[in-house]
Structure formats: structure tokens, C-alpha cells
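Structures follow.
Shared chain: chain A. Partners: chain B in the first complex, chain C in the second.
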Partner chain A sequence: MASFEGLLQGFGIALSPVNLLFAFLGALLGTAIGVLPGLGPAATIALLLPVSYKIGSPVTAIIMMAGVFYGAMYGGSTTSILLNIPGEAASVVTCLDGHQMARKGRAGPALGIAAIGSFIAGTIAVVALTLVAPPVAEFALKFGPPEYFALTVLGLLLATYLSGRAPLKSLIMATLGLLLGLVGLDPVAGVPRFDFGNVNLQGGIDFVTLAMGLFGIGEILLSLEQGVIGTIVTTTIRDVFPRMTDFVRTRRAIVRGSVIGFVVGLLPGGGAVIASLVSYAAERRASPHPEEFGQGAIEGVAGPESANNAAATSSFIPLLTLGIPGNASTAMIFAALMIQGVTPGPFLLREHADVFWGVAASMYIGNAMLLLLNLPLVGVWAQLLRVPYAYLAPIIAVITLAGVYTVNNTAFDIWLMLVIGVVGYLLRKLEFDPGPLLLAFVLGPIMERSLRQSLLMSAGSPAIFVTRPIAALLLIAAAIFVAGNLLAGRRRRA
Partner chain B sequence: MRRWQRYASLVLLLTAAVVVFQALVRLGLRMGDQPGPGLMPLVLGVLLGALAAALLAGNLGPGEAQAPFWAAGTWWRPLGAVALMAGFAFGLRWIGFMAGIGLLVAGWLLILERKRLWVAALSGAVTATVVYALFVVLLKVPLPMGSLLTR
Partner chain C sequence: MQSRRVLLAALMAAVLLAGIPAAVAGPAYPAKAITLIVPYAPGGSTDVLARAVSQVATRHLTVPLLVVNRPGGGAIPGRLDVVRAQPDGYTLLFGYGSGEDLFVPHQRQIPYDVLTDLVPVCRISIHSVVLVVAANHPAQNLTEFVRWAKGREQNTAAVSTAGGVVDVTLRLFAQNAGFKVTPVPGTGGADAITRLVGGHADFGGGHPSEVLPHIKAGRLRPLGVALERRDPAVNAPTFKEMGFDVVTPGSVKGVAVPKGTPSDVILYLAAAFKEISVDPEFVKIMKDIGQPIMYQGPEEYKVWFKQAFEQAGRLVAQFK
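Then we have the complex of A and B:
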């Protein structure tokens, strides 16, 4: 009942003209960047962070950024289907069958079922978020510093192991992220750490500078080197509304994708990419015609597209209730909330109920907006694929430079961002995923604070982490997870 | 690529050594009866060192045929972009944000994308105008106009 009342309050907030406008802008921008290859939702939210300073209300800022995040999940399918290049990472598997459908003249139904599946899954996930988030937040109120330390350790381990193909490299990136989070004045002793005598570093590395360097400049440099290639299959898209037989064939795939996506999205590091891969595998296994997969099976589009949307929505649950972002995009939203003076976590529902319920209600509205944006306007999005990257790259660079300057009004941040951007580009070339670095950078201060508070509580004894049941359980889960992965890795090599 | 992975491991090992040195020598592990500012850096430095050593160990030996780090003729575009952006940051104090953005976009299109001069110049002017409207007029951000242009 409390959820229902909260949701009603949320709709009151989300339906205000300003919030409706920003939800629409977020959904529109998200779809556009999802369609355009070379710029992901994390990079776009990074570019929007300086703008969020200027938006007075935290609800409005987060409504827009959430719209960008789940809007990109919708838009990514268009590029996968028409160009055989994923518009963003979660649409990789959509290329397999979506593009084959397009080559057979069925681009319309492929785009249509992707949008409808995304809408249904997004709506199911946001209903589940409404019901699940309040009890999770209530439970999390029992957490003290030792529990938070254990939770950040488990969350970071899950995120690093699940987010990349190379766990060792992901762990290195997470460790580097934790170290970068230490730069600046020590919060307890006031001693400068790793500032190398530079006064600009005493306040620490700004999240916007790091995010824009890694994701904005890093992606531009890589795209400049590799180029964005591909040929659009068709520009005339017919029969966007799928036939009844298509609906019958995909109804179970959409429901399965929604459930898989919701569950996987809850895990740190799980996110939309893994959800879509798991869903594709599940559909192939469940199908009476597995040989059609890879040749243009419509379930191979409906399942993963539903899953990535459900995952995008459910990843807000650990962010808003525990204060633990599970992927790079939600880490950006975490930073945006902090910029606005709102701390995500169990107290969010009590102290900023307007933010939580406003964002939840905006997701219902945003999903409906996206369905309207994606079905009738799919031809317009297809035309967007004709905008040459030659013009987009310098514009993105300019927005990045102006955006990072606005944080502290100093050219030092531009230089720092350029250095981080070059490092990010080299790291990508060496196949290091920058996502865990950013996540760890966000979680690092929480981890250190809770570690030091815990040791203060126990007069320096680390036994506090094993004598408190929730902390002990979380750390045991982390140890089992690491041991299981090490054993599995050894078995694979043998 | 294994050679480059080895170089990366060595850089990471060096970073870990610097972190551990700073934690032990400059920061300190205890502060009275409390954990000191060097505790977390020490733990992370040791962890980074161990992980970098594991990466190095996994990339020893000849491995597969050496692939070049940059395919032929692809390195100059990212390098050119970095040089243009660094030039922008360097000249910001004198020519200001708007002129800098115009020159950056024009230079980018002219040098990196081989566009015609008038296309590059027009794109630079339009981008600078849009950025001015968005950041200075709409968002009220005081972007510097440059000492040469405001005299």
C-alpha cells in the first residue's frame, strides 16, 4: 500500500510539465545515441553531468539521465538490425537475427518487435521495481559500516568478474579505480595523498573529468582510429507492427527476457549486456527450431531486446536502495545524485521520497514515450544513421571540453581529462574495460570510509567483519565467488 | 599484442611500487590508535602489484604472431585529435573558448577529415555559435573570452 501511495506521489511529480519535458528529452537523446554507433549511454550521461549542475531539481536531472539510459537500450536495436553494428553494447546479440531479418526484407517487424518487447519488459521491470525496492531499502537500514564494507567488496567483485571477458584485467581496472578515488585530502587525517604537490589535485579527481576522459575522449580517439563502418540495409521500412503470428511466436520470449533481464540487472556488473546474452541462449535452448537462430529468428530479437530493457530498469534497485551502482551508466547517475546533494542508499526513500518515486513514475511514462518514439518514427532514426561520424566526433569533443571546464572553471581539468582520455584509449586498445575503474572510483570512498569506521568501532580488530552475521555472509559469498571463478578458470585451462 | 601487455604489466608494477612507497614512507599506516591514511593505499598497492605480476606471468613467452599495435596509417588520426585538443587547452588563456572552439572544429575537419576549407570554417563558426548559445546564454556558464580578444 505504501508503494501505491508513493507511486501516486511520484506520478504527481513526473507529470509536471518540466519533468515531462526532461523525460522526453532524455528518451529522445537516449534513442539517438543508441542509434548512433560510437557513443554509449555511459558517455552521454557523462557529457550531461555538467548540465545536471544547472538543472535545479535532482528529480528532474535524474529523470532525464534515466531516460537516456533506457532510451539507449531501445535505440541500440535499430543500428544492430539495419547496419549489423551494435548501436550500444547491449544490442550485440540483436545483430545475429535482427540483421538477417532485415536482409530478408523484414526490417520492419524486427524493429517493431524490438520496440514492443522493450516496452513490455521495461514496464514489467518498473512494476517489479516499485514493489521490490521499498522492502530492500527497509532491510538495508540494518546495515552499519562493516556491512557496507562487505557489500562494496562483494558488489565490486561481482561487477568486475561479470562485466568483462578478462577477470584479471577487470580486477586491475577496479584496483586502479579505487586508487584514483584516494587522490586528494584524506577525509580523517586531512593529509594530502597522491597529489604530487599539485594544489589542483588536493580536492581529488573530479568524477566528471574522469568519466568524460575515459568515456568521452577515449571513445572518440578509438573511433577515429578504427572508423565506423557498415552499410545500411534499407531506408524504406514497412510493416513496423508485427503480424499476429509474430506476436504468438514471441510472447514467451518477451516474458522470459523480462524475467531474465530483471534478475540479471539486479546483480552488480550483470547489467543489460549479460542479460541480453543469457536471454539469447535461453531462447535458443527453448525454441523448437534452434536451427533458425542466426538465420533471422524473431525470438532472437524479442528475447534479448526485452532482457536488456528490463535489466536497465532493475539496475536502479541496488543503486537507489543500497547506494551501490552496478554498471558504468548507473555509476554516472550515482554521481549526478551526489552532485545534487542526494545520497543514494537506504535513506533515500525516507529523506528524498520525491526523488525515488518521481524517477520510478517517470519510467512508466518514459517507456510509453519510447514506444511512441520508436514505432512511428523508426524511419527517422534510420536516417540518423546517415549523419557522418566525421562531423559528430569534433562536436562530441567540443561538448566534452566545454562540459569539463564548467565543473571548476579551470583549464587544469581540461589537461587532466586529456591525459585520462589518452590513457583510456590505450587501455581500450590493450583490451582493458574502463567500466570497473569508474565503478571502483565511485565505490572507493564508501569502501574506505566504512573500513576505517569499522576498525574504529572494533578498536582495530578485523574480527568485526566476521562476527556480524550480515557482513560475514556477504564476505563469505565474495570468497566463494572468487574461489569458484578461480577453480573454473583452472579447469578451463587444464 | 603480448609484448604490449608485458609493457602494460611493467607500468602497473611501477605504479604499485610508487603507491606502496608513498603509503609506507609518506602517509603512515597508523594515526594514534586509529588506522592511518596509508592503510588503504598499502592494501591496494600490494593488490595491484600482485595482479600486475599475474598479468605479466600470463604474457611471458612468444605467443601468437605479433600484431602491430596500430594498423598501418591509423595512428595519426587519434594523435592529431589529441594535438588539436591540447592546442585548444594551451591557447585558451589568450584566444578564449569561442574562438578556440571555432579553430578546433575547423582544424579537426580540415586536417583529420580532409574537408574543404569553407566547409571546415563554416562548421567551426556554427559550432562556436551553438556552444555560446547553449553554455553562455542558456546555462549561464562564464566561459573565458581570452585576453587577446577582450583587451
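Then we have the complex of A and C:
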């Protein structure tokens, strides 16, 4: 039982005082930014990237970032329930029934079941991750350049179509991301591209600069403009421990949400947001009283909140075994791993067993910490919603500027980030989701390199993508997906 | 209420600011952490060496050495970062003397002059090139491999970067042995070896510290080394003793700084690296990872580099 031994070793690492502290800091910070509308996990991890340079150990850095990621899934529901505004994107659907519950005086049980569902789903997903990741890593060796190319194509398409309500806008964003990824010296021959004669651009656009601009500055500008964000329904929260009847009513929703979340999180382009939407739809369909949905049905809180947590956890599997991030947050963690000298891919489990098992074990611990942070202390987090954004925004802005400067110590990066920040703000105003842009920026170079490697392997023949079974299957899946979407679009218009 | 709010804000700020160092540099060098730019992805032989150096550096330098990987773009952008950096001794190129420095300038234009825009600090190690095949390959030795490869239209080779030492060595070998080769470059040694282990190339090449773990685990088989004499770390004959006249210097791992760096800074760094090169812990790590220690100081290395550069030019000129 290699997984069991690995996990024991992992607990040895995760339980060290430093790692416990950073898991706690990550969970704390994650809950905080989950509660605060505007600042999401992707933006926060972007802000932490420069800090991760300074944390000596990769395990510690990733433990903290993972904590931020799944911690945000816990915190997000609080704002959805109390304010009817999602604290972060994966809690959008929780607004529907969670807020209705709060208005009926049942804020406590709504918050409680969200935290408990998150804990159960998070734990189920970590157990599954522990068991599934090693065989997946073994299988990942079968992925050569053609398979990586096909996988990045499929992942980018899925991410683009599923991320927003406007696929065309997402496609534009993904294309822009691919183009930005081309800036700099080309990956095979080292010829400069799109540098406009500027030496600062010859090395390409730095990931940290792009991420902090789009997510850090962009979100601050938008949140400042939106100003006061509504009024809290209630600050006195009672009965956070749900009644027995609530448990009985939600037990299936939590399990279903966990399974849906885990599977969706595995898909390239999948993630917590989609998982929560799918789970909500599934609960409404499965419910014996669908008319209650939208009026405060507790399953409508329990299912999606379980699903987003399970998805956040399972999206670590493709990241750590294939080196392919599926969403913006895991793309940030991909960059953090590279910064720390750990290449995510088939050999990560073998060569950096401490990183894999340490992070996996920390997830068990982190989920327990988050349950404690979110159940008894949920009232404190509700107070966080009263901190005026006028105080938070300048602090975040200063951190962003300092952070970007410390990466390369060039003022050029600061200016570039500010320009990207303004662009990020405008994109949000026009309802373009910058997520696909960032994902395409990360996947683009992998896609280009594997395309060129594949064509070298096949002496220029594109047949290599259809004669290799895994690559062919992935590309057929992509084609079916696009065709299905086009047909559905045509039917809607007709 | 007010105090709790301030506390929360302060807590968040403290968490985020924890890692940001003071931006003001003091008068004495070194006053802050020194960055080692590794222009390859993590896990390759240069990266492994840089991490070994930084691990023991705390005993020989008053400030930490931070390893920063800057892969991609054929390993040129990472070098460009150093060329463009302030010549203050806080940004060092790690891996000066690799294929991108000795071989690539003879093959295509690069955006800086490798001999004048970068100034050598020292040489630390030289990594030989080992020809390897996956463990399930039919050829048990170099002669069998050449016979096998000759009978084929195309042979793909997993190599670290285009024009790098591994690429040049394998192309020279194929030309000398008389078979067709298509080198497939990537982001560095780690990536090339992963592709080879997965069976996505007919053969490949790498440096000992990259291939040894896989040779020990029974996933790769070494067939030959491109050195004058055998590499003590690798259980394989040289190309020369198997009858193929291909000898390359290997990938040289030195340290360089941008031109204009004060000479006392260079001497300070060279002295620190010299101490590191004889540190018992470092010596043990290097033995474990299969890398020889071959220290040379700034002046000595400068002369040696120039000669190696010219020799590389003559090797590249052999391509038909």
C-alpha cells in the first residue's frame, strides 16, 4: 500500500510546526479572501507568488497556497448567504437558496451546512486524491508531445466554453492569452517575436506581472468603483450547528456534490465554479420538492458548497501528475512550483515525494482547521464584511506593486503591470472573464512546444495526432464538444 | 469593534508582506540575497548543481543564494535577464559555459555577445554527454544501436535544447556513425529525459545527474559517453573506444555576471565559490549526483572559455 506509506510520510512533513503554521495561515487567508467579495483565490495566490520566492521550501509554499485555494471555497459561502453577493466565483449559486434561508432567519443552519458539507466533500476528495494520483502519474508517462498537444487543445476549449455565459468572449480572451504567450524568444529556435525592439519584452511577459495586473490591480479598481456592496441581513448568527432534520435532508446532496465536484475538478478546464453549477442543477432535478429551490432549499446550499470544495481538491491531480493546470488558481500554483524548483509532471511523485504527500496530508489537516475556523467563528468572518474597502484597497495595491518589483527588480514590470491592470479592469467592465486569458497564457507555450515537437517526431506529418490513440481520443472529444456547442447555439437562434 | 477591524487588516498585511525584503542596499557587498539565474527548467543538471551550491553557501556567504529558474526560449531569455541586470553582483548567471554559450553563438544569432556582455566569475563543473536508450530498446551496446539506427528512415533523439551540447553531440555522433537523426528539443534536460523514459523518442542524451537516477531504476540504459576518457559516474564506454571519433567538451557549468560588475565583487564571489567547491558536504553531494568538481578562478576560466568557444566553433563547422 504505497499510498498509505506516502501519506504517513506526508503527515510527518505536514505536522511540523512551520508547515502547520503555513497551512493555518493559508486557511485563514483563504477564508478571509473568500469572505471578501472582489478578491478571489486566483488573485490572492498571484499576490503570494513573490512571497513564495522567499519561502525556502516548496512544500511549505504550496501548503499555504493550497490552503488559500480551498479555504476560499469555505469563506465564499458566508458572503453569498449573508449579502446575496458571491464572496468568490464558485459561490455564485449559493446565493440563490442561501440568501433566502438567511432572510427567513435561518442564516445559521445555512452557514453551518455549507461548512460541514465543505468539510465532508474536501475530505472525501483528499482521500480520493491520495488513492488516484499515483496510478495517474504512472499513466501520465504515456503522454508524449502529441498527447500533450491534444490535451492542451481540449483543456483550453473546455475552459473557454465552460467558464462564462458568453463563449465568444471567452474565446477572445483565450486567443489573447495565446498571443501574449508568444511574446519573447520562440521556444525551439530562440528567435525574438513580438518584442517591438524592446529588450524588456525579449524574455517574454512575466507570469507574475500578468497575473498580478489582471487579478490584483484589475479587481481592486473594479471593487473600488462598486463601492458599498450592500447590507448584511443579520449579524447575530444562531444555530450554526444544523438540526438533525437538516442533516437527513442534505446527506445525499453532500455526497452527490462531492462526487460531481471531484469528477469536474479532474477535467481540464473544469473547476470549482462549474462543479457548483452542475451540482445545483443535479440537486434540483433529484429533489422531491423542486419548487422549494430558490426559496431557501438547504440542499441548494449543501450540494454546490460540497462540490466546489471537492473540485478545488481534485484539480490538483492533473496539475501534479501531468503538469497541466485546469483553472486560473492551479495555473498560479503551477508557476509557484516552477519558482520553487519543482516541475509538475509524471516524476513529481517520485522525485518530490515530500512535496506531493506533504501537500496531500496538509489538506486533511487544513480541512479540519477550516471546519473549526468557519463553524464557531463564522460571526467573526461576518464582521470582516464591515471593513471598508477604502482601507483594504491601498494595502493590496502596495503589496502588488512591491511584489512585482521584487521578481525581476525592474521598473518596467511595474509599468507593464499597471497597464495590464487597467486592461483587466476594462475587461471586467465589459464582462470578459480574464480566467481563460491567464490559462491560455500558461497552456499556450506548452501547446506550441508540443506541437512543434510532435511535428519533428513525425517528420512534418500531422497524422501523428490521429494515429496515436490517446491523442486521437482527446482531439475527437474536443471536436465533439465544439460541434455540440455550435449545434446548440444554432438551435437557440433558430 | 474598531480594534478588531484594524487587527484583521494588519494580520492580512503581515501575512502578505512577510516575504518582501528591504529594497535599500547597504554600502558593503553583499548586503542582500544574491540571485542565481538558472536558464533551464527545474530538475536538469544545471538546476541540480545550483541547488547543491546554494545549500552549502550559507556557510561561506553572509547572505543567501536564491536559485531562480528561467526556462524557455532555448535558454536564451534567462541569459538575457542577466545581461540586462544591474552589474552590482546580485544577479548571477548559473551555467555559463553550457551549449548556449559555447555552441549556439556559432549556429545562430543571439541578442548579446557571449564573450563581452558576460564576465566569468568561475567554473564549477563539467557535465559529460551520455547517449541513452529506454530499457526496453533492443540494442544492448553502442555497436548494436548503430546497426539498428542505420536500418531506419528516421531516428528521433530527445535533447534538452536546440543547439545545446547534447544536441550537437548527438548530431555529430549520428553523422560520424552514418545514420539519420532528428533531434527534438524541449525546455531542458529533465524534460528530454521524461520524454525518453515515456518512450516518445528513439534515443536521447543527457548529463550524468539527469540519467543516473533512471539508469539505477532500470528505466534507461547508457550506451556511450562523448568524453576523451570514461566518466567515473557512468558505467559506459566512450564513443572513441567503440570506434567513433566524437569527443565534445561536455556542458560546462560556470558562473558569470553582467559586464561592468566591479572586479572586487567578482573576486569576492570567486573566493566564496572556491570555498564552496572544497566544502565536504558539497563534495559529498556532487559525488552522489554524479557531477565532477572542476573549479577554475576568473582569469583562468576566461582563458579556458575562449579556447573552448573556439573549439566548439570548429566542431560545429564539421556539420555537413
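By our rule, the second predicted complex is superposed on the first by the 493 of 494 C-alpha atoms of A that agree within 3 Å, B and C clash if a C-alpha of one lies under 4 Å from a C-alpha of the other, contacts with A are read in each partner's own complex, and residues count from 1 in each chain.
One rule holds in what follows: contacts are C-beta pairs under 8 Å (C-beta built on N, C-alpha and C of every residue); 3 or more make two chains touch, one makes a residue touch a chain.
These figures come from a predicted structure and were not determined experimentally.
Enquirer: Please indicate which partner A:A110 is in contact with in the superposed arrangement: first for chain B, second for chain C, both, or neither.
Expert: Neither: A:A110 stays clear of chain B and chain C.
Enquirer: Kindly classify A:K142 by the partners it touches after superposition: chain B alone (first), chain C alone (second), both, or neither?
Expert: Touch status of A:K142: second partner only.
Enquirer: Where does A:D186 make contact in the superposed view: on chain B (first), on chain C (second), on both, or on neither?
Expert: A:D186 sits against chain B and chain C alike.
Enquirer: By the touch definition at the top of the document, which applies to A:L29: first (chain B), second (chain C), both, or neither?
Expert: second
Enquirer: Just chain B (first), just chain C (second), both, or neither: which does A:Y391 touch?
Expert: both
Enquirer: On the A-aligned overlay, A:G460 touches which partner chain: chain B = first, chain C = second, or both, or neither?
Expert: first
Enquirer: Both chain B and chain C touch chain A; at which residues?
Expert: 51, 54, 186, 188-189, 391, 395, 399, 402, 405-406, 409, 456, 459
Enquirer: Show me the residue ranges of chain C that touch chain A in the complex, using the header's touch definition.
Expert: On the chain C side, the touching residues are 1, 4-5, 8-9, 11-13, 15-21, 23, 41-43, 47, 51, 66-78, 80-81, 84-86, 91, 104, 108, 110-111, 154, 156, 162-163, 182-187, 190-191, 194-195, 197-201, 213.
Enquirer: Could you pull out which chain A residues touch chain B in their complex?
Expert: Listed in rising order, the residues of chain A that touch chain B are 51, 54, 168-169, 171-172, 175-176, 178-179, 182, 186, 188-189, 191, 193-194, 217, 220-222, 224-226, 390-391, 393-395, 397-399, 401-402, 405-406, 409, 411, 414-415, 418, 421-422, 425, 429-430, 432, 447-448, 451-452, 455-456, 459-460.
Enquirer: Quick check: in the complex, which residue numbers of chain B touch chain A?
Expert: Touching chain A from chain B are residues 1, 4-5, 8, 12, 15, 19, 22, 27, 31, 33-37, 39-41, 44-45, 47-48, 51-52, 54-55, 58, 69-70, 74-75, 77-78, 81-82, 85-86, 88-89, 92-93, 97, 101, 104-105, 108-109, 112-113, 115, 123, 127, 131, 135, 139-143.
Enquirer: Spell out the residues on chain A that touch chain C in their complex, using ranges where they run on.
Expert: 25, 28-29, 32, 47-48, 50-55, 141-145, 184-190, 192, 199-200, 202-204, 338-343, 345-347, 351, 380, 383-384, 386-387, 391-392, 395, 399, 402-403, 405-406, 408-409, 445, 449, 453, 456-457, 459
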